[in-house]
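Handing you this structure, nothing more for now.
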Amino acid sequence: MALDFTFTEEQEFFRQTIRDTVNRMIMPRVKELDEKEEFPWDLWKEFASLGYLGLRHEEKYGGMGTDTITQMIFYEELARGSCGFFMAVTMQILMGTYFIGRFGNEEIKQRILVPAIKGEKIGTICFTEDQSGSDLGGTRTLATKVDGGWRITGRKQWITNGPIADFATVMATIDTKLGLKGLNFFLVERKSENRDGFVSGQRLHKLGSRCSVTGELVFDNVFVPDENFLGEEIGKGVQYAGEILNEVRVMTGMSALAIAKEAMEDARQYANNRIAFGNPISKYQLIREKFAKFWAWYEASRTFLYRCAWMIQNKIPCINECMLAKYHATEMCMYAVEEAMRIYGGNAFCTEYPVQRFWRDAKFLLYGGGTHEVLCDYLGRVFCKD
Amino acid sequence: MEIYVLVKQVPDPEAMVKVKTDSELEIENKYFTNFFDEVAIEAALRLKEKFGGKVTVLTVDNRRVDALRRGISMGADDALQFSDPALEGSDPFSIAKVLATYLKDKPFDLILAGRQAMDDDAGIVGPSVAELLGIPHVNSIIGLEIEDPKKGAKVTREVEGGKETLSCPLPALFTCQKGLYTPRIPQVMNVMKAMKAQIKKVDLSAIGLTTTDVGPHSAKIKLNRYFPPPKRPPVRIIKDDFPENVKVLVKLLREEAKVI
Amino acid sequence: MSNEIWVLAEHKDGKVKKITYELLSASAQFSKKTGGQVATILLGNNLQEAVKSLMTFADKIFLIEDPALTFYTSDAYLPSIASLINEHRPSILLGGATSTGKDLFPRLAMHLRTGYVPDCTDLSMGEDGRLTAIRPIYGGKVFAEISFSEDRPQMATVRNNTFIVDQELNKSAQVISVPFQTNHSLLKKKVLGMEKVGGEKLDISEADIVVAGGRGIKSAENFKILEELADVLNASVGTTRAVVDEGWRDQKDQIGKSGKNISAKLYMAFGISGAIHHVLGIGTCKTVVAVDTDPNALIFNYADYGIVGDLFQVVPALTEEFKKVLAEGA
């Protein structure tokens, strides 16, 4: 029996627990979080106290050490709530602490990872710059080897949790001429009285996911000691980036599933209720087709994403699969939120109804983990065996 | 304190429940732990935090044990599932018999249950268990104070038009109503513990009951049929402008509906 | 075994509750089929007034008076009722689906080893004296028709406002005083006090008319306009889970799945969106009115009459209009 699509009873229980937690802790505040456009410290502390920030880290640092499928169940359920809060939490759980958990020495783990899992320190990861995003080879932030450590200079943009981050995993090149081969990761902390570090630049205001705070981080010849180099050897950064991006892409796909489903379930309730020409509009074929199409794409997407999760868990190479699944899930989600808007008719344009929030929130999916233009160019090239 | 909590997994209030045939329902696969039972678990855990002791959750269900896992994830120490093919088709009185038979030899200070299960909405099992055990019970409590378990409890229950406070010796059984406490959200460590927990099963023979003690033939009440709720005719929206619409509504309530 | 039908009478401050009259009226109808007598059991202290008001509704009144019965407790009520039943073996025992009925009946049924159906919204009786009960389950998403085994009495509790009170029964009851036999040392529970909440208003589960406000009311203070409307209609004020969770109203006023089911003659919802939790609690109300600004609010699916409009405009206007027409009618 090699092919098995069932979740275990334990996984179902875990899903139910997260669902219930989201329903009670986050759902009642979704609208407020979106409108305020501030990082919700009270919710963060309350949520962190439950312990989920250690989802994928070792138990000896306060983590849960769960497998990939369990993590993806968590992401899928968490994303039903506030999309902004989801971004802040997944940054902390996955991208912001990944390299520290994997390559940090014991002192760094005790000092950074343990409080990060408790939610007391906020972490982030820095890929994007003004001239490079999905094009990692264009990274210009420079790491120069000096006696006992490195000096890092550059500006990183679009940094989720950036304005409130205590520490960051920074992608920098040791030589811009090396392209992808020059990339490496470094741990940098925020500048303080007794430590050199990064400072915050401009904060961005976003269309959606508005309670996660996003902004620029500035690295002005920052010194970090040798142990802050995160990796086994110099030059392997691009390989590590590929590995973490598998998880990031499936995780992003999970949020696409959640947003799409929430939007369409909301639209279903509206369509069953909204009367036009004497009938609920869900009685009309053109409306029904939207639901059918969504449903087909959604189920395909979900199956594909969990297959990718299973491949990651079983250490089967799956870079292309994860890209494809993220691409598919995101496009499915774009369809869902767009059609949900249309089902709502003119009411979609009013902020009184939640459907516009799904539409706004969903847009971030197009950029996180690589723009679709870059992804598709790459995937097309692979397919054509170019 | 030694506390037992009676729990049940029930369809989520949002779940679709429809009549399939006279004797069969179609229930959407969305279940959760009965909300009032979670309130009871919360009450038990608070007493344990105050006095020490042990909280055990019990369910009589051949299939679903999620309510037991929920109990453990909230902080209960132990969980037991009563399951036996002969239990199929049992009425609430038989369920009570199973629970009381197990509990009668156990030392305990308190049994807590939800006000009612959000499926059959009956509220029979709790008071019936108390009757079989010969201990006092109070239904639908919204307040619970225990200073010294040996001296009994002070409980408040909702009555029409007021709140009644009673003193009650322990051991006793209380059923819990919303408003007593807000159930806690489980900590991840307990969630992991609950996921890994091996749920202990108890069948009828283990507690000395036989198949004739339970099941449809010993039921005191019998289902004749299910039927869908009566449907209201479509709403009549009063489209006149304000304040004419208010006048029209009052007229309709007096002359058409005849309720004023 | 007799073919008598018994009703447990409920009273508050000496006044018999409406549900008792409803059940006695229904029992009078049932008894025509079997020819049995209708009896009521009345427990309490200083019950002269209650006895008087029940005289024309029953053939027999079993009266048990004792200071220990001033407040209901199952300890005090159950042994007396059980021994009466064991002596007279009635065919049916009915009570209200009230705080007392729901506390006492399941335990009493277990004690007597007989069947009990809670919270019924209808009862009917066959020529053979067999009772059939209708009750909502799954919060009212489905109804069940239930019958009883051969054990007697057949026990049921019934929701308020299920039957019409027949003022013309014109019976003349025989009052049978029964001594309160319970050993006082067996009374374990003691009522320490009663805190009245909501003034003289009936509980929402008992009221003929309930007016309710949801989140759309926006604050605890704004419930004042509903209180004023309720005063004019002699109604009680109900609310939704969201409002109770906000702390604007007491838990006892919550209608719906984790609150109370109501069976009012008239239910009026203001600023209530119609979440499933809430509407499950109003399924057996006779006439439902909804007022909300959102024409697509789900509540309109469960209403008989609707106004799309601002409740802050509509409620005061309704209060004035009702005042006017009720004054004319009087």
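Lettered A, B and C in written order, each chain numbered from 1.
To be clear about the criterion, a contact is a pair of C-beta atoms (placed from the backbone, for glycine too) under 8 Å apart; a residue touches a chain by one contact, two chains touch by 3 or more.
Everything numeric in this text was worked out from a predicted model, so none of it was measured.
The chain with its Cα centre farthest from the Cα centre of chain A is C.
Contact tally for A-C versus A-B: the pair with more C-beta pairs in contact is A-B. Between chain B and chain C the centroid-to-centroid distance comes to 21 Å (mean Cα coordinates, whole Å).
With centres defined as mean CA coordinates, chain C is found 53 Å away from chain A.
Distance between chain A and chain B, defined via averaged C-alpha coordinates, is recorded as 39 Å. Of all residues in chain C, those touching 2 or more other chains are 301, listed in ascending order. The residues of chain B lying in touch with chain C in their complex are 11, 13-14, 16-19, 25, 35-36, 91-93, 96, 118-124, 126-128, 130-132, 136-140, 142, 154, 157-169, 177-179, 219-229, 232-233, 235-238, 242-243, 245-247, 249-250, 252-254, 257, 259-260.
Of all residues in chain C, only 12, 71, 73-75, 98-100, 102-103, 106-107, 109-111, 113-119, 132, 135-149, 151, 188-198, 201-203, 205-206, 209, 233, 244, 251-252, 254, 257-259, 265-266, 276-277, 280, 283, 286-290, 295, 300-309, 313-314, 317-318, 321-322, 325-326 touch chain B in the complex they form.
Residue ranges on chain A touching chain B, taken from their complex, read 9-10, 12-14, 16-17, 20-21, 24-25, 49-52, 54-55, 64, 66.
Chain contact summary for the complex, chain B toward chain A: residues 31-32, 65-66, 69-70, 73, 185-189, 191-192, 194-196. On the chain C side of its complex with chain A, the touching residues are 294, 296, 298, 301.
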